[in-house]
């Protein structure tokens, strides 16, 4: 992974996952707030979204582990080299471990969606663990590197551990849109910061950054704040777009629904429905 | 900003903002506790206060960014100097970044006041982010300075991060007067501490402080506790004054209101209203 | 304070305060659980306890400040010595500052008991601040001392900050006996640890402890755990005694009450009352 | 304890305790969710489980303390050696202290099960204290050891303090299966990590690990993540097995129960019961 591509690929995945989470949770929130209090059973559409998300996570983690193990200079599933009495390619093994935990979080998502006996929040706990393990391994990873290299990875840890803490909170505080979008935002921030790490450590243009200059560290710190601002902007825009589109479509849908009901039976419930649509 | 004025100006802003928050939240609390449970819709007066607050924040942030960029020795919106291969005036860029996040918190306040679909608490989250970014940038700012300079800025971080944590809590615990006044208090503490930093690092009288003396650090630590006591005193007095004035005025107002109601229709609800005013 | 007595006096105060809190909160808890749900207004007896506690706190803090300032070798309210350009007796000033905050917490307790408009929890917030400031000043106090001296004060911080955090939680979680007894326990632990500090740093028997020996630090760490066990034992015994005594007395009282009621009017409510007393 | 067995014995205890907790809490959860809302009194079976758990804890702690004190090279209850002016076998005293707190948590469990006046959550608070003291003593234990030895014990602290924090949360959030299984998981993780420490520091095969090699530390960090994954797997499997078995058995039981009720009285409540069993 010690090249630009090795940072761009996970960055892209995290970015996409962040956007997916934004869309999913805004849709769920719209559904929650627009339903009358009586019918609170999630429609099967949301279940299918969760199955898809879990499946993609498991698949991507599996592919990630395979690639880390069986690339040309990978460990090929060998952990210890008895001849040289040394560990084989620990970096690849560490990345495999990170993928493993994201795979576990995918399994937890599918299990908690499919099986009613699995307590609510298990999926969030598993995701929180996955982020924690990612941060935990990165943390001990960073020792003894050059200052800027260490610093830029330390900044990544802010996004990772904040995401882990926020997701842990979601185990207890369910259906809170702010927490859900915070999670999405931390994934987007993480994704865009992976790109930034790639740009700084493996610049495409050839000009190498001085990894010991104090001004570079000051800039990178500030740059992290800009990435945060950018990620907030992206999440807000996406959420607005999804909300706007959904409201438009569902208003049309509801007009039709109401129309049909009026046609079939002019009951008193019709008034309540009209009032409901006025409120929004 | 490396002079007394550069610390007095933000200090004044933070002080004024702290007092504004105290007044606003005591008024809101009075309104919340004095309303009968039926009519819980915020009167438009409070909405207008929030619009004003958000507008001032956005405007002040914009002015702040412009000043930091286009003062005589500012970076003039240039970030990197290719000739000297060095960053241009990173300090001014960092301050601009801090202002940017306070501007964002102003936008979030206006958005969450104006648009019903924006979830409650987004304004607090944005303010918490603004304080976090302020503390985050200051934290990495401080490395390698002289002991007293580093220490006095570290103490500022207590006020900043405590404010950020308290504001984050408000995302989940709404309408809690203690948390709201805690936030106001942390802004006042921050403001008065900015003045203290100015006094210590750029004394107006000419006697320079010894930035390496251990006793000076001990004094400054204690002085921070005194500022906290002072800020608690100021918030309490302001809150008392606002509460006292409001109670006086609204009692008169209610007497008139009740009088009119009695005149127009002697209903049974009158008794309830009288009992209610007795209770307070 | 640099002698055994200077540690024994605050230690005694904290111990007594811890026991007082245990008694007070067990009584309040008994009252809360034994009342039928209808009458939830605190009896005036508890109000008087809080007034007394607040008054003693303010008085003791005032005396403490006076003593620290006007003992023979105290600063006599002089802060800065212009002749020697040095601060005067900062240690005494720091202790005065700590007392000041405990005085403030006393005022907050009286204010929140007497004035209904003061929001619930202000007294806990002020006490949490007092403990925080105590720990905060001790923390920066400790730098540059000999290892065992620094370590034994660092251990004190565990009790102080744990107490502060627990008391802060009580702002939000009211009437939770466990949190209330935790607070009492931390005060008792603090008090007994003050004695331990006195014994180690200013031994009465003359044998000085080696302040650099690693084994002494190991022992002191373990000793802190023993103090915790002791404080838990003391709080449990006190709580049990208070509960046992109260139950005994109030059962007698209630039998008489019920007896009188039966005599005056044999109503159906009598049965409910009897059932209630059976349940306990 | 400086040998493999000295790590395997506590490891085995923690592993067994983790599995016991998993079984106990899944059974309790099953019971909670399957009961109709009316009858919420815990059946005596669960009380007996808690008595047994508390009794075993007290007994095991007592035996542990005795062994630590009276093994051949133990301190034999002597704390200070006046002749050599040194502490006697502080390591054994520290382990005794840890056992003492687990014994206290056993007493708290029995007290809170047997006596109704003991507030709910006291058992969790005491267990949280026991874990905290374990971590607290280990923390100061580790100073000045060789890098790998220090690191492998530091990793243990993650499991210990996470367990302590989660158990503390349970004082406030009762009957949350996720928190309960988290606690069980942290005990299993701790237990298996004790084995790992034994394997690394006192290898059975003779090949000593190089305690200064950086790669060994990287491997051990990753290995901790694998132990976490393993513990999650073990808890999930155990929980699934217990749930599956219980559902099977209780379905049979309920069918019989329903059958008898139908036979004795064909009431309308029968329909409700059938619906209830359909739902699961």
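Note that the chains take the letters A, B, C and D in the order they are written out, and that residue 1 is the start of every chain.
Just so we're on the same page, a contact is a pair of C-beta atoms (placed from the backbone, for glycine too) under 8 Å apart; a residue touches a chain by one contact, two chains touch by 3 or more.
Heads up on the chains, UniProt names are A, B, C, D = Transmembrane protein 45B.
Predicted, not measured: the structure shown is a model, and the values here were computed from it.
Colleague: Work out which chains are contact partners of both chain B (Transmembrane protein 45B) and chain C (Transmembrane protein 45B).
Modeller: Common contact partners of chain B (Transmembrane protein 45B) and chain C (Transmembrane protein 45B), which must touch each of the two, are absent.
Colleague: When the CA atoms of chain A (Transmembrane protein 45B) are placed over those of chain B (Transmembrane protein 45B), what is the turn angle between 0 and 180 degrees, to the nearest 5?
Modeller: 90
Colleague: Would you kindly state whether over half or under half of the residue numbers at the chain A (Transmembrane protein 45B)/chain D (Transmembrane protein 45B) interface are used by both copies, giving same or different?
Modeller: Copies use mostly different positions to touch.
Colleague: If you average the CA atoms of chain C (Transmembrane protein 45B) and of chain D (Transmembrane protein 45B), how many Å lie between those two points?
Modeller: Each chain's C-alpha centroid was found; their separation is 32 Å.
Colleague: Counting only Cα atoms for the centres, state how far chain B (Transmembrane protein 45B) is from chain D (Transmembrane protein 45B) in Å.
Modeller: 45
Colleague: Mind pulling the chain B (Transmembrane protein 45B) residues that touch 2 or more other chains?
Modeller: As it turns out, chain B (Transmembrane protein 45B) has no residue touching two or more other chains.
Colleague: Graph shape for the chains shown, where an edge means the two chains touch. Line, ring, star, complete, or other?
Modeller: Contact pattern: a closed ring, each chain touching exactly two others.
Colleague: What's the complete list of touching chain pairs for this entry?
Modeller: A-B, A-D, B-C, C-D
Colleague: Given the complex with chain C (Transmembrane protein 45B), which residues does chain D (Transmembrane protein 45B) contribute to the contact?
Modeller: Interface residues on the chain D (Transmembrane protein 45B) side: 86-87, 90, 93-94, 97, 100-101, 104, 117, 119, 121-122, 125-126, 129, 133, 136-137, 140-141, 144, 171-172.
Colleague: Which part of chain A (Transmembrane protein 45B) faces chain B (Transmembrane protein 45B) closely enough to touch in the complex?
Modeller: These residues of chain A (Transmembrane protein 45B) touch chain B (Transmembrane protein 45B): 29, 158, 173, 176-178, 182, 214-219, 221-222, 225-226, 228-229, 232, 243, 247, 280.
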